[in-house]
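Letters A, B and C name the chains as they come in the text, with residue numbers starting at 1 for each one.
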Amino acid sequence: MERYQVKLESFEGPLDLLLHLVQQAEVDLYDIPVAEITAQYMTYIHAMQQLELDVASEYLVMASSLLAIKSKMLLPTPELANEDEEWEEWEEEDPREELAMQLDLYRKYKEAANFLQEQSEHREKRYSKSPTDLEQYKDYAEVQEVDEDVDATVTDLIQAFQKMKQRVRMRSPKHTTVEQERHSIEERMTVITNVLADHHAPVSFQQAFAIGEIDRQVTTFIALLQLVKDGDVSCEQEGNFEDIWIQAKGMSVHA
Amino acid sequence: MHEELTGIIETLLYVSGDEGIDVARIATVLELEEDKVSRELERLKEEYEEKGYTLQLMKFGSVYTLTTRPKYASYIERYAKPPERSTLSQAALESLAIVAYRQPVTRSDVEEIRGVNADRALSTLVSKGLVEESGRAKGVGRAILYVTTERFLDVFELESLQHLPSIEEDKEQEVEQMDLFLSNYKDLQGDDE
Amino acid sequence: MHEELTGIIETLLYVSGDEGIDVARIATVLELEEDKVSRELERLKEEYEEKGYTLQLMKFGSVYTLTTRPKYASYIERYAKPPERSTLSQAALESLAIVAYRQPVTRSDVEEIRGVNADRALSTLVSKGLVEESGRAKGVGRAILYVTTERFLDVFELESLQHLPSIEEDKEQEVEQMDLFLSNYKDLQGDDE
């Protein structure tokens, strides 16, 4: 039984397994030695069964077709002629033909699948920039109209999502925590006190400091809290989420 | 206007990045014949090749996109964070090949060729935006028909479906396929009325 | 290396788009002197001017960015204007997909996934009635939560959110099954020897 040993490989189904056996035997797809291939096929099925794996029903269906073909081949063909001409006249359909065509067709798509695989690997080496945010070019009033029809499908939605996932990232999302160090709290404290020194009226946090990258805003806010704690500035806020008004308390030179 | 048109098109190509620009949309925006826009894009595409510009102008379906050249991939990957690649299983790739060559196809068409259930492979392909449903087949059961999407061309670097290499199917099957297509087409036309 | 360096730099400039590239980061990645990178960028910048390329190379601090030229701004405006039949921009579609699949989400959830600002895209979606606010997240900041609307289901012809095709990766499962088979098979082979 050793010579029937199946190469350790994953198969995509009975046709894939069969194709593998035929190619391994190096025989013509349209002239398969059915008895031999069937035996090898059955060995594989038995191996799967011994492993107590669920043998997919498709494998069993193929097994029975193979056995059927094998027995048809064993039936004596009446008047099997030696001459080609006569053979053609008498020819009944080769019991293997349908299977051979099926295998041939499957083989072609398997090759096409390989082609696609290679193409995608090549495509993955190409990158493009993210689209520029064009919203800034739009008239906001136009965008506001709710009633207009939206022409998009679920496929558009999925395609957009998948495209986004394959984009190269200039800054990874987690990056912000690292970059935070670029704006030290001390530095931001100095900036705040300098700005306040230039103004005699309270300064709006929103307008003066809530600009730039989010990590900078956070650092600025922490710096502000530190200044409040130190008693260098005073803050007023009318309610949750309202703007914060900041004012220097007496002399506060951090330079 | 020639030089001007080139400039406008290159500007819009840059702005739209990986979304690319669609010939029809450009024609509408610029109030030009689609033909003229197409010709200019094709001319530009060749110019980028001939002059060996750093970037390449690629066509995927009706969309043109500027991309970097493969030889620079490693520098980009060192500079920025490349995306996580999700590879398609062999089952999905084989099913995709069948959809691509024989579209529109039903699930059972795919199953017949591969000899195994294609349920899962097809839903993976739909979820990757490579295949979409496109109406239903005529006859009993009115099975869902599947076709490839625009994204399919992009992911597999194909200008069009005609750029798929020939796999020389039997004539008989081609005829059969054509019949199926025509009958579906008629059916669709019928539905519209 | 000169020509090569030009190609690499132009490639990185294109891919980084509106973010631009930082001289120091390029120098680190390419293992070159910052000076050399700076000089090449300055040379390129001049070349873009002299040869009147469509795009221009601008310097902001230590960051260089490719930008469009002001004379083409009106075309970008026309291009940005939504066409009669209102399609959604790539940015809006991406954000919408994230809201649809992950809802409820905050703006920063969307930004984290997209890697870019999502402010405008979300407000477009809200104004189109596809997404709406739905309370606030717990915890610091109590960020606004976004969910999809009934109109979203309507526009995308979905009976319910459960009818959205899955976009989560499921290849794991497929692989798992095969691995199980192979490892069992190997074991068996081993036992026989």
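Basically, a residue touches a chain if its C-beta (ideal position, glycine included) is under 8 Å from a C-beta of that chain, and two chains touch if they have at least 3 such contacts.
Since this is a predicted model, take the numbers as computed values, not measurements.
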### Query
Taking each chain's centre as the average of its Cα atoms, which is closest to the average over all protein Cα atoms shown?
A
#### Entry: Remotest chain, chain C as reference, centres from CA atoms
B
### Task
Averaged over CA atoms, how far is the centre of chain A from the centre of chain C? Could you give it in whole Å?
14
### Message
On a C-alpha centroid basis, what's the spacing between chain B and chain C, in Å?
### Response
21
### Query
Which parts of chain C, given as residue numbers and ranges, touch two or more other chains?
14-17, 76, 79, 81, 89-90, 165, 167
### Task
Among the residues of chain A, pick out those that touch two or more other chains and give their numbers.
10, 127-132, 134, 153, 158-159, 161-163, 167-170, 172
### Interface residues, chain C side, partner chain A - complex
14-19, 73, 76-77, 79-82, 85-91, 93-94, 96-98, 100-101, 111-117, 120-121, 123-124, 127-130, 155-158, 164-165, 167, 178, 181-182, 184-186, 188-189
### Message
Considering only the defined contacts, which chain B positions touch chain C in the complex?
### Response
6-8, 10-12, 14-19, 25-26, 28-30, 54-55, 66, 68-69, 72, 75-76, 78-80, 86-89, 91, 120, 123-124, 126-128
### Summary
Listed in rising order, the residues of chain A that touch chain C in the complex are 8, 10, 47-48, 50-51, 53, 127-139, 142-146, 148-154, 156-164, 167-173
### Query
Taking the complex as given, what residues does chain A use to touch chain B?
10, 12-16, 56, 58, 62, 101-102, 105-106, 108-113, 115-117, 119-120, 122-132, 134, 153, 155, 158-159, 161-163, 165-170, 172
